[in-house]
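As written, the chain order gives the labels A, B, C and D, with residue 1 at the start of each chain.
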């Protein structure tokens, strides 16, 4: 064992604390798929977040100089437009960056909402027996709701109200996050509850109680870290799910308006310009790659966070 | 005569059962059903019995890790059962526990230093350095290399983990420690080390133990007095030597007959009593004596009336109708053995 | 214009094909695709083209229009004129004679009473008739005998070919609809889905928003027609899929309104299975300005009503500037190619009714900016958006979901941004936008937006009723169940007066002059309507489908009885 | 077992009621009262009737009860009447679509067969593909077959169906012209030719849906198999000298199927949601397309009904999954 030799080499007190995350990372690195996924995901993130600072083409604006605009339509990939241009001459790369920012933001925020809700409900129902029945009924109830129709109905019926309150783009953003967040926390809650029930019976929780650690800190110190692994995995998969859901909603024309592109709505509009199928391939590829890499990262996380595997 | 440090009075721990379509409360698992005993300061009380007889439950209910259904547990002057939450929290440093499974009782996501330091985090407002100093001190006391402070439990062997658990229990200078089968999950070679450590610590700090175990020889080694439990009740409570020499309760007798006798002569002369039948379900104990279904000396009364735990000889308490006509001497609380008396902190 | 010559050649070839169809139903089955699926087959309860045109396979009027816009008799023996005595000298009465021996598809005779009933049906005050405009000005309909229909107008009616003419005002069978008058109209599912008619086909099965199965009408007046025994009118999908199904895969024989971008027109035509048919009619893609306030902060029932004038679109300079900023030719090139041409007119055809105005064809960004400055709209806070009195120049621009319109929106948005107008885009599903469902907040009639874009046309050759849509009393409002056509809520007494004059004028030259004037009042003078593109109709027909003649003046299925299979 | 089943059934009822309440309130509480959602084109008299049917003037809970009554009492009566020619319903008000003025149940009845045919076939095929792949890749863990299979299922699971669907349309319909681009809902399979036609038009949507579901299912099967392959009983069986085939296919498979069957049952309603997208992409006029259409035209009765029917299906399949689990796995029956 390498760290044992390292430990003997260093004087007693100065054995640096080995953080949990260090271990996780070491294990994570062993998962080839996850590493590739992480690489692709980071590349995509850099592309979407930092890209616009380097690639400054306007994603929304159509060149009002009509002659120029006309010359720059439907161009194939080139140095000046690495992914080509769309049917009114907008740079597809710039649109992909903008769309990606929106898609990823929706994905991450909606997932955070879902994970937060799910963890909270799972913890409460797992730890406090009195709440368990009611909360699990609630979870079952939500699991039995037809989700995609519900999301569509929510965005359709309540979207306009939010758009009035926050403006069209922010309003759509909120309604999507609320709709997706509200409809995807259940799996996290179930996983967390199951884990909490199992962890709660472990003796170290009893030990903590015998020490006199209050419930609040037992949850945060002992239970939460030990259910974190599945939560993180569920969270990773939740991002994938949220991104797909957002793109489905946009694709069905219920999401953001056409000038505020997301990958889903780009795919939708490219569909109508099939003479140039590449215009459809880019956003589709972006969604697929993101989801695929997120799934792989989730897989790797699952392995890395499993202390049984890590211990070996 | 010193006051007992721990007095348990008619402790009951029932777990409800819900059955049927409507999940009605149809009965209880009577894991602990009216247990009383007391432990003197510095004394070690062994609690033995088959697995499932409720001994671990007693230990946990004692420290109020379970909410007892009824009864009183006075530890160092306070009734633990009725303490309000905050007072209970304040009380916790006095009473600690060492758990059976050293693997399960340590949070796999915390380093050794944090595990041992947790009681300090909860009950002191010491600066970090002082806490760390105390952690190192505790590690020295249980024989753990200070270098290991930042490692995780999975990096240790079973014996080392149990030392961690002991160090954690010691952190707040408790008076009373419940050792809940602390050696059951360990290799035989390590068991002795841990038991010796416990004994050393008891000597050093004047600790009082409730030593729960199904290993009768280990109990014989460490305990001053021994309580034998059967199906949620104490069958016999006697000083160690008396019990091992001459068990009174038929169950204790059967149990002890199974202990390996180091002396081959005595071993030969001894008859192993094989009990027939199974332990009845604690959800549905017999009407009479809990042991009546398997007792070799059973008679009619046993099947209809539960025997009470009575002192039948000085310091010896038995719950058995066989001893009904024997009246014990006017002795009060049993005498504690002498060698643990020193070092009792007040 | 290669495409067009090719089309014309094809049409000519079809016309010359031997007329070897002598027997009804001999050519089997024909597949027609209306990608906006028909939801009802009673044109009086829907203004949707898809519904009207599909219904025209079953229901017919007394007359219709041919591909040149000439009135042709259908159920009538001949077209009444002043010359043949069918129209009274004072233009207040027209007398139609039914062909003798006409039968409904159920075998009962067609009588003048059916026509009279239809008039009563549509003019019933509680019926919510979508085609009430066709019956305007009729004071009475008399039926001196079973074959004669005498329509009397309240005043001289220079263009009397409205009631019972064209696909939008067919004759219903009185017997079938007797219990569906007024309030009961919309509850008559059976009648509305399977009307008994005189057309070449009868409905066999109708699946709402999906498919209509038809079969040849056994009692059709020409025993040799239709050549097809059965017909399917399928709904669903989009224009692109529809075009492909005819041109590339050949699954369908005819697809309606296959509006696809020029690139795809070329690509799909190369498929070789069919041809795109196009013809210019009166269909004009335009932007309509809302003269009333659509603000959502107003209570429901007051939004977009004349109670609240629009905060800035009532300013002529703003409207004009918005128009000037648009380069129409670019829109044509991107969206329609050969199937469109830039226009400044609401009434682009027939020629004599079209205004010569071409002012709007050149984009003038500078001029537009100047106009806004002049009206006091300046960008004082430097955010690129002009404001006045604390109000931002911000428009909500809605249209139906349609890829071409979305491109137009994006382009026009950037034109408008260029002159300092903030634009929010909104797209509404076409079936909702044009669905006329007063329950939806997103219909073009409700107009809960500042400007909206769509295309409209008039059927027949006379723009009088079309121009009549912009009278003060045609404003959609909650009181009339949002059914008016004056979506801009334009109201000018001078316009109303001039239109009244048009309705009293019978001399053609004079009528044209007034119509041009009215057209200009709406466009060039007031910019309440900003025409963009004169759109040809673009439909696709299989090479094996004979007899198809694209008609821009009536329903596209106007001569379905003459269709045949080229073998 | 009976108690267990009974208990599950009893739990399902309040769940359903709660769901119906949620769906009802969600639509009911949406901005704009339900009365204002009746098109204004509906004449006043009809309007009154519809209002009466909905009980709009009543407080919320009464309206909800009325809706429940229509759903669970009136509509079944109509169904019985239609089936046996009786007239129990006696003209009681039905749930009527706002936009096309047909009873919602009739409308859904027209659309449901399309959806069921496509989805049912797709799911069946997905199961048939997924099980062997999952079993074999677990059996040969880390073999190239397993590696490739895992990657492919990961891709299949990650790439959204609307993208694969569109690609499939462009490649197979537009470029290659192998399949029809319009789904013919009125096609009746009567002979070989129409059967071939039906297969052709179903091929793409079924393939896309099936691949997506197969990816997910094979992952489950694989991990369930893996878990059981390393269990003691598998080792014991091998030690007993049983053939590999018997060990894997009889012992391990049987135990692995318990979670897999549950996943299959639970997954069924979820793919109804997936069908919305597939139907939109492949232009199948099924129930998903009806829902989207109804949402677009604000046809609340249709939206409510379809959402609730889907919910019923979900609850039903949950129930089936639970009971199946109880039958297959004796452990969980114990109270």
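A few points about this structure:
In this text, a contact is a pair of C-beta atoms (placed from the backbone, for glycine too) under 8 Å apart; a residue touches a chain by one contact, two chains touch by 3 or more.
Given the structure is predicted, the values throughout are model-derived calculations rather than measurements.
With respect to chain D, maximal separation of chain centres occurs for B (centres as means of Cα atoms). Taking C-D and A-B together, the pair of chains sharing more C-beta contacts is C-D.
The mean-CA centres of chain C and chain D are about 40 angstrom from one another, to the nearest whole unit. Computed from the mean C-alpha positions, the centre of chain B lies at a distance of 92 Å from the centre of chain C.
Averaged C-alpha coordinates put the centre of chain A at 50 Å from the centre of chain B.
In this assembly, the C-alpha centroid of chain A lies 26 Å from the C-alpha centroid of chain D. Among the residues of chain C, those in touch with two or more other chains are 429, 441.
Touching of two or more other chains is recorded for residues 160, 271, 274 of chain A.
Within chain D, residues 174 each touch two or more of the remaining chains. On chain B, the positions that touch chain A within their shared complex are 60, 63, 65, 88-93, 95-97, 99-101, 104-111, 113, 118-119, 122-123, 145-152, 154-155, 165, 168, 172. For chain D in complex with chain C, the residues that touch the partner chain are 32, 36-46, 97-102, 107, 110-111, 173-174, 177, 180-186, 283, 285, 289-290, 293, 296-298. Those residues of chain C whose C-beta lies close enough to touch chain A in the complex are 238, 240, 261, 263-264, 267, 296, 327, 329-330, 333-334, 363, 365, 401, 403, 406-407, 409-411, 413-415, 417-418, 424-427, 429, 441.
The residues of chain A lying in touch with chain C in their complex are 60-64, 66, 69-70, 73-74, 87-88, 90, 160, 164, 168, 253, 257-259, 269, 271-276. Residues of chain A that touch chain B in their complex: 7-8, 12-13, 15-18, 20, 23, 202-204, 206-214, 217, 221-222, 225-226, 228, 307, 310-311.
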